[in-house]
Every structure is written in structure tokens, then in C-alpha cells.
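Across the two complexes that follow, subunit A remains constant while its partner is subunit B and subsequently subunit C.
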Partner chain A sequence: MTTRSGTARAGQYLALVCYLVFLAFPLLWLVSTAFKSPQELGSVDASWLPHDPSLDSFTAAFGQQPLARSALNSLIVASCAAAISVAIAVPAAYVMVRYRSAVGKAATGWILVSQMFPFVLVIIPLFLVLKSLHLINSLTGLVLVYVVWNLPFALWMLQGYVRAVPASLEEAAAIDGCGRLRTLLSVVLPLLTPGLVATVMFSFVTAWNEFFFALVLLKSPEKQTMSVILTHFIGAEGAADLGPLAAAALMATLPSLLFFALLQRRLVSGIMSGAVKG
Partner chain B sequence: MSVTAPGASARPKGAGTPPPRSAPERRRALGLDRDAWFLLLPALLPILLLSAGPLLYGISLAFTDAQSGRTAVTKFTGVANFADLRLDSLFWDSFKIGLVWAVSVTALQFLLALGLAVLLNQNLRFRWLARTLALVPWAMPEVVVGVMWRLVYNQDAGILNATLRDLHLISENVDWLAGVSLALPAVIVVGVWAGMPQTTVVLLAGLQNVPLELHEAAALDGASVWRRFRAVTWPALKPVVLAITALNFIWNFNSFGLVYVLTGGGPGGQTRLPMLFAYEEAFRYGQFGYAAAMGLVMVAVIAVLLAVFLRNRLKEDEQ
Partner chain C sequence: MRRRDFLATTAAAASAPALIGGCAGSPGDSGPLEYLSLAWQKESIEVNKALVAEWNERNPSVKVRYVQGAWESVHDQLLTSFEGGEAPDIIHDEANDLTDFAHGGYLADLRPLLPEDLKSQISRANWETATIAGGIYGVPFLHDPRVLIANRKLLEESGVRMPTVGRPWSWGEFEDVAKELTRSRGNSRTYGVAWSMKEPVNQSVNLTMSTGGAVFHRERGKDVIRFDEADYGVPELIHRQVNEDRTASRSTLGMAGSDTLPGFFAGRYAIVPLNFSFRQQVQQQAPDGFEWVTLPMPAGRGAPGGGQFQGVSPQTLSVSQDTSRKKAAMAFIAFMTRPDHMARLAEGDWLVPTGREALRDPALNTDEHGWSTGLRIASDLRASPVLGVRGYPEWKDKVATPAFQEYYAGSIGLRALRDKLVDDGNRILARYQR
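Let's turn to the complex of A and B:
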């Protein structure tokens, strides 16, 4: 009996290791490529580890494309989008949880339905609208788009957190003569803080990672975000300078990896409760 | 202000009714009072103006000859775009590729993620590390994922060819993303890789819903692992599976960035997903109306497929 479960255990660990290798090896390869010297990148034998680690690819990446500028653009767009979308989603999520209303139901329905439409159906009209507002090739236009694009998920996450706030506390506040707004600000909001942080970070990462809208709406290199600038490292014929490409890609993913590392546990539990209840 | 007034929690918990209000009953519309509208509108207006509005506008564009940068007035052309689409073999080629891609990525994602979720649900050592690692692809921008796999697949400097050569499985380096029969499977692997974390997390959540006592009872009765999975785990998991599979299918069918970066739709259109096709039609050739019609056809077909899928599954449940 013990040996049988022992083999089963070993099999489980083996399977787990296979999964983790599959999940981790492209990332390791990205890191390894980014730190290789130009000579080594040119050699025919690809090796797992850089023999002579160098930062040449990173300096080259900054020289080839306006990488610093694009990082700043990404930072501006993602922070503004995250801050605005969560700021307007909190009161809305609160109303959607605490009132049984047709509007709340319709909004929830819309969140689900909007997942179904291919972006191309939304981006063409958005392009035309933003063009008439002179917001094409502008970070403001992109922030607007990201705010709306982030809202459904922010609303969804926040509703879960609001539901966890005991209604009795609000009743107490109401008896004490607090209005809705006061109650929200002074009773609900403080209790919501951890969920709020998670939602802000998630919205930030989503906007930071986004590619399609940024590709369509931003034209000039000095306006483009990091994900768009990355594609410039790949030449017209698909040829690429591998070292700088890897270095730039690594830099583009660092903030979101960092946030995910910090956020991981809360995010998983948030999504789990959402999945189980929803 | 005392926050913990005793006796204030007399109301049944979890009911969605608002707490008692001290002020006289205010004006209400659609079940909301003035305060609620005030709190809801900042989110509602942007959604209406920049999501619902453009969507309706986009649908209407599908029935016009709208083009970018043209000075002539856009004309209503009825179903002309759809009539053209019907004969556009390139579009239907890409549509087929989109279906192959979406079905295989969704299916593989599900199978692999289920295995991983079951493993992560076991009481293994280093589980926290495995759980963290399993989330990594999720954190990465899709463009970075595309770039990263280009490096892996690279003909000369890629690790895949180097490894296969070391194992003596190939004698010459393969150009994975440029081979006509290899490109689609190669991008499908990347799609599976990129989407596994979400599916795993959702399935893991579902697994934690499975009643443990039932499992133990079945094990005591000598039920095999497979039987226990069929009889205990699967029924509890099914609703979650249904939801995540449907969503994954939609997301995969509409995906863009990964393949745009990996192959740009090549070689020779072998990996040109419908979204890549529509993007080029709209923003390279300026055919806004035509591209909008493509988008609409994509939604319609997806909706029909989902309806069939969900109805069959629900019927199964009733039996």
C-alpha cells in the first residue's frame, strides 16, 4: 500500500515538474537571450546560459527605439486608466450590490455580453469618434478607451469585495443619520481598501499589457506605449535583432510580473470567489 | 458616530434590500433613488458613451460603404457588404483558421489546465511555488509572450531547435513559424501556454467546491481514481467548466496580439485569424464598413455556436 501511494506521489511530482518546465522555459530563454553578448547571439550553437553575460543588449535596445519614452507613456496611461476606472467603479459597484435595481442587472448583463464582441467592431467607431475629437495619437484618447475597457472587470471584482462588507455596519451609519455618500466614504471605503488595491493593480497591469487599441490609436513613435514599440524591434521581413528584442521585452514585462508577484494570493482568492459564486 | 450599534443586524443577512432610511422615501426610478443614480452615473455614462454607443455605431457601419480618409459622404448600402463577404474566400479561409485555432486552443487549454489544477489541489510540497509559477504567463503582455516564443522558435538561435538537435530528434534546424504545415500548430502551442493560468485558477476554484467527504467515502468503497473523478469531482466541476470553456472559446476566437507578433498572419495566410484579417481590412486598406461587417459575422457565428453548445450541455444536465 505504501509503495503504491509512493509511486503515485512520485508520478504527481513528475507531472508537476513537466508542467512547470513547460510554463517556465520560454521565460528562462527570454532572460538568457537578453543577457547574451552580441558575439554569442551570432553563434550557431544556442546555449542555455550566457557564457559571458553582458548588458549590451539593454543599451542597444535604448539606442534603437525610444524605449524610455514609451515606458513613460505606458506608465502614464496605465496609472491614469487604473485610477479613473476604479474611482468610478467603486460607487457603481456599491450601488449594484446594495440595490436590487433594473439598471444594476442591465449593467451586469452588459459586462457579460461585451465580452463576446470582437474588438474590431468597437475600435472602428471609437477611431472615428476619437478622430473627430482630435484624440487620435493622443494618450488622453487611449486613457479614455482603457477606462471603459477596464470598467467591466473592475466592477466585477469590486462587487465581490463590497458584498463582503457587512450590511449591518451601514445600517448603523444610516441610523446615525449618514447619507448614502457619507456611508460609502466613511464606512464602506475603509473596509474595501485591500480589495481596492488589488483592483487598481489589476487594472494597471491590464492597461500596461494592452496592445490592440494602442496599436490602432497611437501613430507616432514618441506617443506609443511599450507594447507597440516592442513590435518595432521586429523588422519588416520578420527579421529581428534578437538581443535588443529580448532585452526590451524583458523590461516591458517587469512591472506586471512584479505586481503579480505582490498580488498573486489576493487575485487568486478574488477570482475563485467570483468563479464559485458566479 | 458609533459604528457597531447593537441590534442593527436584525435584517436577514444577504438580502439585497437597502438598509432602513431615516429620511422620508425619496423619488425613485428603476428601483434607484437620487443618491444611487449619483453614484452610478460616473461609471454608467462612459460605458454607454464609449462602449455601448460605439458598438451600435459599429453595427450600423457594417451596412454602409464607410472608408477611412475619404471625403465623399458614407452611403447606406444595405446588405452589400455581407453579399461581398459571402464570396470572399480569403475571409472564409481565415474564418476556418480561426475556428481550428479557437477549438484546439480551448480544448488543449482545458485538458492541460485541468491536470494542473488537480495537481495543485493535492497536498504537495512547494505547492505555493508551483501556484505562483503557474500564474506567470498571465502577468506577461501578449506582445512579450509573442516575442518570447519567437525567440524560442527562432531557426538558428532558438532553444527549441538546439534542444531537439541535442536529443537527435532533428538533424537540420526547422523554421517553425515559416513552415506552411508547422506555423499553425506552433502558434496554437503559444496560445495554450498563454491562456493556461486563467483556466487553471478557475478550475482550481471549482475543485475546492468538491465535497471532500464524498471523495473519502468513495475511496473507502474502493472506487478507482477515475471513477471517483467521474462520480464526485466532475459533477461539482461542471458548471465552472461550462462557463470557462465558453469564455475561453470567445476570447480565443477573437484574439489578435499573439499571432500578430508571432507570424503577422503568415506564412501565406496560414495563421491569419479573423481578427488579423479584419484589422488589415480596416486599418491597412481603410475599408471600415467591410471590416465592421466581418466583425458582425464573427459575433453572429460565435453566438450561434455558443447557443448550440450551451443548450446541449443544459439538456444533458436535465437528463
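Let's turn to the complex of A and C:
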């Protein structure tokens, strides 16, 4: 029995390792490509590690395009979009879960439907609306779009987390004299930490990676985001400046990874914090 | 439905309120003119920015702002900004992409704006590439023709005749050369040629001109598709090389041009038909000591122009219909396409300039990196048969790309290919010409 369970455990780990390798492959290949010389990039014998590691691709990428500026723009847009989306979604999700009504149900249905709209369906009307608000070519306009675009899914995610918080805890808080707002801030929010972290991550990464809205709405080179700048390394008929493209793509990936690394501990540690009532 | 078609439909639906509102305003009424550039290689971006800076210094009252665009997304970006009344004043694009924009009234007809010296610098054949329904909607300034890039050592070892622009290989000779260059050693095989066919339609159609074909024909005022012997000569040859002679690698059929280069450098393929601009990547990535040579495409015997005609879709500079400063925009285009400037732009992008004087620029007239080959074939370049054909993008994406890919891979025969291209294609074109 012990041997069998040991074998099963080993099999699980092996499957996990295989899965991680599968997931990590593109990133590792990206890192390797970014440090290869142009000659090595043109070699038919592709190697895992660059034979003669070089920073030439990074120098070229930074020299050709305003990468630092675009990274800052992406950071501003993604952070603001994530923060505002969650700030609106938390009370909205709470109300929709705790105060069930026909309107709430309809709103939930609409959230699902809204997720089915492709970007291209809304881009031209959206362009006209933002133009009338003088928000074309503005990071504020882009944040607004991302908030609206992220909000339905953020709301949908948070509803599940709010539903998981026992109503009895809130009743106990009410007996102790807490008002609705205090209950939300002191009782519900700590229990929602993993949900908040997950939603912030989702909103941040969605805004960080988004390309089409950013492409259409931002015209000035100094305002363009990282995802738009990356396409500038690709030419006609699929020709690509592979080294600088890989270097720039790696630079575009790092902030997301860093953000995940910082927040993932909160995702776990916050799961049941504050749930035990003495 | 592809994003491009879908966006076009959406744009049509969304344009109504914009028109009714009538408040879109003209972009660039004040402030600098916007110049959307698709330059993407380092040298090319540098030249563009330097020229913009030079213009701004000379013309402080009509400043131009450089805006970077991208080839991959330019169509969607332009369509949205045209609809929103926020299009750039000066637009860099490809002639192939102008058809729908010209028919949609988004681009200015340049005929009344073109200065005489610019008009005379560019040949009639080149102006035809940007002529749509009688109007001129862009200044064609750079070409990217197809050439053969070959491994010089393998060619010399095989003893085959080295072709020149004056005496290119015939397609028959090219087949023989490919056989001569194909070698098998155990499990490994050196192929005579590697056709990169990830996007097979443009090159398949453009090369038909060398055998007197066109695929797209004008009949009683309407565009129709035919696929007769002159049209399928080159596709049939490629199919034969891949599937019967096995002198062309099957594995490169799904590749883009860049993907074939590692195999080319490793000596796996002796010849790669690529666009002229790919020389930049070859020069940059080729291992030390690798010798390569740029050769003209083969010619079709008995076809017009000695069989050396090739269809091209040049890069163009256009003016937005919405801009209130069309003359200033045209003046900037004239500045950018001055012979010396056009030559600098061509050099930065590794392309062939369209201007007569630019073609004589000493910086380009060198045998190094195959420049002279490209410049000498310039007079054989003709407007691609697909230019100005409404519905071509839909035909290309929905019908022709999968059909050509299946044909080259040997999944379907010539008759099935013709049926798909012609029958399905003409139904699509008819929809656009009602």
C-alpha cells in the first residue's frame, strides 16, 4: 500500500514537472533568444544556451524604440486599471450577493453576455465616444476603457469569493454593533484578500497585455504602451528583427512576473485570515 | 469572419452616426501634421526621423510629427482612425492596402496636388500601382521585388550557369538547376530550392506575370478571376518541385521567409526565393565566411517583356481626405521622395526606389549585397494584378491561401485548385461589384 502510494506520488510529481517544463518552455526560449548574437539566431542548430551571450539585442531594442517610456506607460495604465476595477467591483459584488433582486440577476446575466463581445465590435463606437470626451491619445482614456472592459469579469470573480464568506460572520458583527460599512471593511474585506489579489492580478495582466485598444487609441509615440511597441519590431511579410524583438518581449514579461511574485504569497496567506471568531 | 472583414462591416455600421453628427472635425487643423510611418528597421527609422527633423527645421510653420505604425496592424488602425475622424495626415502604407480606403473616400486623390517634378521622376508603370478607379491615391516610392538568394559556393561547385539580369534562367533552366543542386547523403538531403509558402498568394499571383499570366483580369468593366495555362505555369512548377522532383523542401512550405534562413546558412537549401529586403537579415545573420549572391527570378520564355515582368505592390505615401492641409501634406511627401531622400530611404530599408534619379544614386549602385541586381530589375516591375481589385483581401484569406497551401502540399490537384480559385473567387468578387 505504501509502495503504491509512493509510486503514485512520484507519478504526480513527474506529471507536475512535465507540466511546468511545458509552461516554462516559451519563457526559457525567450530568455535564450534574447541573449543570442544575430549569427547564432540564424543557426540551424538551435541551442538552449547562447554560445556567446551578448547584450546586443537589448542595446538594439532600447536604441530602436522607446522601451523604457512604454514600460512606464504600461505600468501606469495597468496599475490604475487594476486598482479602479477592484475598487468598484468589491462593493458592487457585495451588494449583488447579499441583496439579491431581479435587477441583480439581470446584471449577472449581462456580465456574462458582455464577455462575449469581441473588441472589434465596440472599438469604433468607443473611439467616437472617447473622442467626444477628448480622451483619444490619452492614458486616462485607455484606463477608462480597461476599467470598463475588466469590470464585468472582476465582478464575476469577486461574487464567488463574497458568496464564500459565511453570512453568520456578518450577523455576529452586526450583533457586536458593526454597521454595514464597518462590517464590509473589517470583516468581509480581510476574508476577501485572496479574491482581491486574484482579481487585481487578472485586471493588471489583462491591461498590461492588451494590444488592440492601445493601438487604436494612442497615437503619440511617447504615450504608446509596451504591447504596441513590440509590434514595431515586425516588418512586412512576417519579417522580424528577432533578437531585439525577443529582448523587448522579455522586458515586457518581467514586470508581470515580478508582480505575480510579490502578490502570490498574499494569495495563499490571506485565505482564512480573520475567519476565526474568538 | 476575419478581423479585417468584421471591422470593415462594423465601420460601415458605425459611420452613420459619425456622418449624421458631422462633428468629426478635421484632424490637424492646427499643430503639426502627423506622419504615420511603417519603417521598422533601425537604419530606416533613423533616416525617417532625420528627414522629419530636417523638414521641421526648414519649415517651422508646417511642422510634422513622426508617428510609428506597424505593418501587422496598420489596416485596422487606419480604418478605426478614419472612421473616428482622427486619421494621420500623411500615411505610409502598401499599394495593396489602399483599394478599400480609396473606394471608401478616406484618401485624397493626389492628381491635383502632385508637383510636376515628382510626377516625372516616377515611371508610368509605377504610378499605375497606386491608381485606383482613375485616381492616384499614393506616391509609390519603394519596391520589394522577389529575387533568388543563393549559396554561391554550392552554385559554383555544381557548375551551373550563373544567371544575370540580362540573361536570367528560364523557368525550365531553373528546374534543371534545382535538380543539379539537390543531393542526398544518407538521411540528409540538400535541396536545390526552398519555397517559403506561409503566405503563398502574393508571390504565386505576382510571379504569374513572368509567364504572361495575371489571374485577375478586367472584363466588361469588372474584375474576374481566370486560371489558365499562363496563370498556373509557376504554381505548377513549384508543385512539381515539391511533390515529384523533390528538389524543393516540403518542410519550408509552412514557413515565412525568415524561417528558411537557418537552413539556407547551414547549406540545406541552395537557393531561397525571398523579397529583396531580406538581404538585410541574410547579411546580419549569415555565419562568417558564408558567401551568398542575389540573382534575378527566372523568366518565362515567350512571355511579354522577355518573361521578366514581376508584379509588385510598392510602399506608398498617401494623404488623408480629412486633412485640411492637403497641400502641406503633399509638400512633405515631395520632400520625402526627393531623389536623394528616396535613395536614403531605400538604402535604410534595403529596398528598390521607384524614382529614376534615385535609381542612379551612387550609394545604391554597388554590387555589394546584391544591390545592383535589384536596381537592374526595377524596369521589369509592374503593378501587381491584385492592385485595385475590390474583394481581393477576402479572396486571399478565405479562398486562395488555403487552396494554394493544399495544392503545394500535394493534397489537391490543379483542377481542384482552379475550381476553388475561380468559382469561389468570382462569387466573392461579384459581391463587391454589384
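We adopt the following convention: the second predicted complex is superposed on the first by the 212 of 278 C-alpha atoms of A that agree within 3 Å, B and C clash if a C-alpha of one lies under 4 Å from a C-alpha of the other, contacts with A are read in each partner's own complex, and residues count from 1 in each chain.
Assume a contact is a pair of C-beta atoms (placed from the backbone, for glycine too) under 8 Å apart; a residue touches a chain by one contact, two chains touch by 3 or more.
A quick note: this is a predicted structure, and the numbers were derived from the prediction, not measured.
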item: Touched partner set for A:T33, first subunit B, second subunit C, both or neither; value: first
item: Superposed model, subunit A: greater residue contact from subunit B or subunit C; value: B
item: First (subunit B), second (subunit C), both or neither touched by A:P125; value: both
item: Contacts of A:L242 with subunit B and subunit C, given as first, second, both or neither; value: both
item: Contacts of A:V103 with subunit B and subunit C, given as first, second, both or neither; value: first
item: Which of subunit B and subunit C A:I234 touches, first, second, both or neither; value: both
item: First (subunit B), second (subunit C), both or neither touched by A:V216; value: both
item: Partner chain(s) touched by A:V21 [first = subunit B, second = subunit C, both, neither]; value: neither
item: Subunit B versus subunit C as contact partner of A:L55, first or second or both or neither; value: neither
item: Which of subunit B and subunit C A:Q64 touches, first, second, both or neither; value: second
item: Interface residues of subunit A shared between complexes with subunit B and subunit C; value: 41, 44-46, 118, 120-121, 123-125, 127-128, 211-212, 215-216, 228, 231, 233-234, 238, 240, 242
item: In the complex with subunit A, residue positions of subunit C that touch it; value: 3, 6-7, 10-11, 14-15, 17-18, 24, 34, 38, 40-42, 45, 65-68, 70-73, 76-77, 80-81, 83-86, 88, 94, 144, 198-199, 202, 256-258, 261-263, 265-266, 268, 275, 277-278, 281, 284-288
item: Sites on subunit A touched by subunit B in the complex; value: 12-13, 15-16, 19-20, 22-27, 29-30, 33, 41, 44-48, 87-89, 91-92, 94-104, 107, 110, 114-129, 144-145, 147-149, 151, 155, 166-181, 184, 186-187, 205, 208-212, 215-216, 226-228, 230-231, 233-234, 238, 240, 242, 245-246, 249-250, 252-253, 256-257, 259-261, 264, 267-268, 271-273, 275-276, 278
item: Sites on subunit A touched by subunit C in the complex; value: 38-39, 41-46, 60, 63-65, 118, 120-121, 123-125, 127-128, 131, 136, 211-212, 215-216, 219-221, 224, 228, 231-242
item: Subunit B residues within the subunit A interface of the complex; value: 1-5, 8-9, 11, 13, 16-22, 30-33, 35-36, 38-40, 42-44, 46-47, 50-55, 57-59, 61, 66, 68, 112, 115-116, 119-120, 122, 124, 130-145, 147-152, 154, 156-159, 161-162, 177-178, 193, 196, 201-202, 204-206, 208-209, 240, 243-244, 247, 250-251, 253-254, 256-257, 260-261, 263-264, 266, 274-275, 278-279, 282-283, 288, 291-292, 294-296, 298-299, 302-303, 306
